[in-house]
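First subunit A sits with subunit B, and in the next complex the same chain sits with subunit C.
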Partner chain A sequence: MGPNRNISILLTVPALVVVALLFIYPLGFSLVGAFQDKAGAWTLGNFGRAWDLYRLDTAFTVVIVLVSCALIAFFSVAIGGYLTLGESRVAKAILNFVYRWPLFIPFIVAAQCMRTFIARNGMMNMTLVYFGILDLDQVQGFLDWRGIVFTFVWKQTPFVALMVAGAMAGLDRATIEAARNLGASRLRILVEIVVPQVSRTLAVGLVLSFVTMMSVLSVPLMLSGQSPSMLTVNMAWRINSVGDYGTANALGFVSYLMTGFAAWFYLRHGMRERAGR
Partner chain B sequence: MSAALRWPLRAVLLGLAVFVIFGPLANLLIWSVAEAWFWPNKLPSQWGFRFWEVVFRPTGRAMESLWLSVWIALLTTAASLALSIPAGYALARGRLPWRPVVLLLFLMPQAFPSLPVYINIAQIFFAFDLNGTVPGVVLVHTVHGLVYSVWIATAAFAAIEPELEQAARNMGAGAPRTFFEVTLPLAAPGLVASAIFVFLESLDEFTGSFFVGAPEVRTLPLLLYNAAAGGNIQIASISALILLVPSVAFMLLVERFLKGEVMAKLGR
Partner chain C sequence: MSARLEIDRIETSYGATRVLKGVSLDVAPGEFVALLGSSGCGKTTLLRTIAGFLSADAGEIRVGGRDISGEPPDRRGMAMVFQSYALWPHMTVAQNVGYGLRLKKWDRARIDARVNEILAMLKLDGFGHRNVTQLSGGQRQRVALGRALAVEPQVLLLDEPLSNLDARIREDVRHEIKALQKSLGITAIHVTHDREEAMVMADRIVILDAGQIAQVGPPETIYNAPNSPFVAAFMGATNVVRIEAERSGEAIVVAPGAGNRPARLARPGPQGFARGKLVAHFRSEAAELADAGADFADSLMLPGRIVQAAYPGGVWRYSVAVGESQFLVDAPEKRALGDAVAVRVPADALHLYQAGAS
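So, the complex of A and B:
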């Protein structure tokens, strides 16, 4: 049954051509462009300029993305863990309904929400003042790197939590019940029994979130335009204001290296896990 | 922990979660109907729909942007489906050499940071006069959409029992007739889900439109960005709300498709 080899190739070619022309080719273009000057001669000058101008921003990008990943991991394990081990049906139902909302909210909409919510005069501060937790003259805005982290965590946690909760739901309940009967606390069961079994799913979710955060322009652009900023903002600036493709491509190369490193870390982790079995 | 303390603790934590998740949305909603809101007032001093009227004025830029975005998203969906239905069918049913490599190739746009690629697409498009045109933006959105549509289409076709197609063939239906009258209708729910997904991704897409489309092709996300950069919080908030509605509607619709068990299979 099904189309033969030649027809199969024929059916796949149009989509492959589009990906090749509009993704692989420009990707190659960006890799080559990182090592060429304006005249097309080979050079490392783009990386020199990138290092001079943006080494701080590069470090800044790494810190933002890693801190966000750590927080996303923490919250998604907490959410998944409660949905799996929680005792109150009502609380689980509420959490299950609430946590996934940001998943489908576009990044640009999330950025606009946060521009008002965590600003100095935003609803977060006003609510804290209302409850007497903060004093009006103590309030400060979070529209800087903290705002970027807040938005990334807000937006990506449901995605990872959905994956993690799904993996946790598929676990064998017998070991969990056995540990409970032996008197282990739920926190200990979560950390020692549940999380190790879903670590692969968690890692996939975090790597995907890592790439997403390295790609999103709207959030850093709208939440914190000033220096230091993320590499995405620097690249947009090099193109739109300076017309400097060389340095932009060098920064692009750096961001490929970062995601490549994240993917390598994940693969190595996966290998070791398989070897351990 | 004593049982008496459990519910207060649960209530505080759940309340915090609700506040953090819905607070930003509530703030957006309030700003869309705030005509005057000054520091340090906790709520606007003047409410009203003046800015909604500005946005929805038939001759206004916002409506123009909305229709343009919808038009681009429809074209993108059509292009993605036209490419991914044959490809997905071949990947699921055909005898394709290098099948895992091909599937991986379609995943690549998701595995690399997309911004440097968009920059170079814009540079390549420059030579073909595609910058600042609707076809240019549609092409960029289509590549992005193919990641989802090819993978979902492949899964949708793979889920159909081959015996059903075999039965149709045994009763004398030709291969094309079997595909259009048996296979395609059975795969339709999955294909519709992927179409909606591609449509929404295109509607909300910012980075690609920013480099390839702006300033001539002003989609709604670009208008939102310009309004926000210009300090026009109300217009930005209303544009954001317009973008939000289809996404949330979709979420409520596809909750059945989005079972965690399916998500857990991603990347395996």
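So, the complex of A and C:
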């Protein structure tokens, strides 16, 4: 066992080196950079500037991502629930075929499509007007925070739904039938029997989506030019237009704290659940 | 609260595969019926059809005279106990047991009272706040039973509820379930593939074979008078010998064959039998070992050699090679491998069927 073990450790070294060089080093570098001024002296000035300029954007980012997460949770549970509990075979087959498509579309393409879809004179409004659901003078564009949320939800729901539907399919069907046997409606079964049993998977999907959405630049950049914007846009601005790496690093540190909080929340939840078993 | 359950020519399929091929069964109020069959014969399918999780292609199911074939599972007055128990892992014992009552919109205090009553009945007092994942197999099984009984169903459906339990616990739980069913007077169908379990628990046994009922009757009838080679073999008469015989009054005369000596058996043989080939089934414990040369009246004698011996407890179990075949025979005395012996099967230990009957 001994030599074998050494060899297997040796085999992981290249992977570890790559992770260290490409990930840990730059991460550490920018974390340190958040606490240094241009001359390299230690300071909290970057955070002061970030607070002065971007506290509204920070709140905006958190709200957008949380609202998106809530909607993603709702829709992915609805999709997974229909695939698990639905009666119509045909509808299930169609849903199962269609819902994954957005997974294969990159964020930037999705954002580009959304621009033309949800703009004031975009396809969505024109279609609604065409069918007489909206009046031409009622239409409004959604190229603001709503457009960002719409795109995030559209793009991330299939990902979470895929995980959730998989977990639901793996449940002991008898736990569902036992509830039906006692007279639970489909909705009650979904809420009281199915979702609690897949809550861990749902939480993982949402945390991963949270982190993904925190790091997307293209969607807020293309869908909402106005202020406030999301932190990724601000970081890009600080670096590209101002050359201010310090503040960008400070903002990066803040978003790192947010995702870290999400991960901590998930881990804590997971531990408690495991302890409960 | 018990009701008569009538199953009338039920047919059920999965896609194009017909699994139940016309099953009819009458269960009296308060009766305990065991549905016995090998794995894959359609026991669960029948139970799920009765419960309403599968819809039958043809036939009717009536509870207390009311046709419920078109009703959803919760309107059938039936509660099912699943093989996997199907307890909800995110709920406590009390929440599991009380869920059906919550669905019935009982108020909190009434649910608590009823749940405590059920838990006491199942000797689970004080377990109400436990998580079901912290229970032993036997305790989980009882929670599943409690959840089904809490809603006071007219018919209780049990799908192999004991097959996941240790052999030792299983014996106890058998008696507990049976006693509970009798004291509640509930109509019950208990699915099992365990012959002994069916024998000790049931008022009546139904043998299911490939989606059809092979025999229905009280345990002693099924055991002593299996109506087909399949039932005989399923009920433990797994030794099979083929013989040539001829009827002579109230007896049959067996011609000498590849394995057997000539014999005269004082019994008439299968109905309508005159002469020809017979298939004889017998149990290892119903046969005896005799010395090679010995002869007994009114018995089938099969001379052979001992090829294997085992001691399962109480008696020795020998495998005896007779011609091309081997038979299992129990005997109290120890014998050596290779000994020449004769297997003696008394006439009344033989289950005789016309060859080719199935």
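To be clear about the criterion, the second predicted complex is superposed on the first by the 264 of 277 C-alpha atoms of A that agree within 3 Å, B and C clash if a C-alpha of one lies under 4 Å from a C-alpha of the other, contacts with A are read in each partner's own complex, and residues count from 1 in each chain.
Here is the rule we go by: a contact is a pair of C-beta atoms (placed from the backbone, for glycine too) under 8 Å apart; a residue touches a chain by one contact, two chains touch by 3 or more.
Since the structure is predicted, the reported quantities are computational estimates derived from the model, not experimental observations.
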Partners on subunit A (subunit B, subunit C) - clash or fit: fit
A:Y54 touches, of subunit B and subunit C: first, second, both or neither? neither
Contacts of A:P196 with subunit B and subunit C, given as first, second, both or neither: second
After the two structures are overlaid on chain A, angle v-u-w for subunit B, subunit A, subunit C in degrees (C-alpha centres, nearest 10): 90
First (subunit B), second (subunit C), both or neither touched by A:W145: neither
Chain touching more of subunit A, residue-wise (subunit B, subunit C): B
First, second, both or neither for A:E177, with subunit B first and subunit C second: second
Partner chain in contact with A:W237 - subunit B first, subunit C second, else both or neither: neither
Overlay on shared chain A, then closest C-alpha pair between subunit B and subunit C (Å): 13
Touching both subunit B and subunit C, residues of subunit A: none
Sites on subunit C touched by subunit A in the complex: 48, 51, 53, 72-74, 78-80, 82-90, 99-100, 103-104, 131, 133, 147, 151
Contact footprint of subunit B on subunit A as seen in their complex: 1-5, 7-9, 11-12, 14-16, 18-19, 22-27, 29-30, 33, 88, 91, 94-95, 98-118, 120-124, 126-127, 129-130, 136, 154, 162-163, 165-167, 169-170, 201, 204, 208, 211, 214-218, 221-222, 232, 235-236, 239, 245, 248-249, 251-253, 255-256, 259, 263
Subunit A-facing residues of subunit B, complex: 6-7, 10, 14, 17-28, 30-31, 39-40, 42, 82-84, 86-87, 89-91, 93-97, 102, 105-106, 108-124, 139-140, 142-143, 146, 150, 162, 165-166, 169, 175, 200, 203-204, 206-207, 210-211, 221, 224-225, 228-229, 233, 236-237, 239-240, 243-244, 247-248, 250-251, 258-264, 266-268
Subunit A residues touching subunit C - in the complex, by the definition given at the top: 172, 174-175, 177-184, 188, 193, 196-197, 199, 276-277
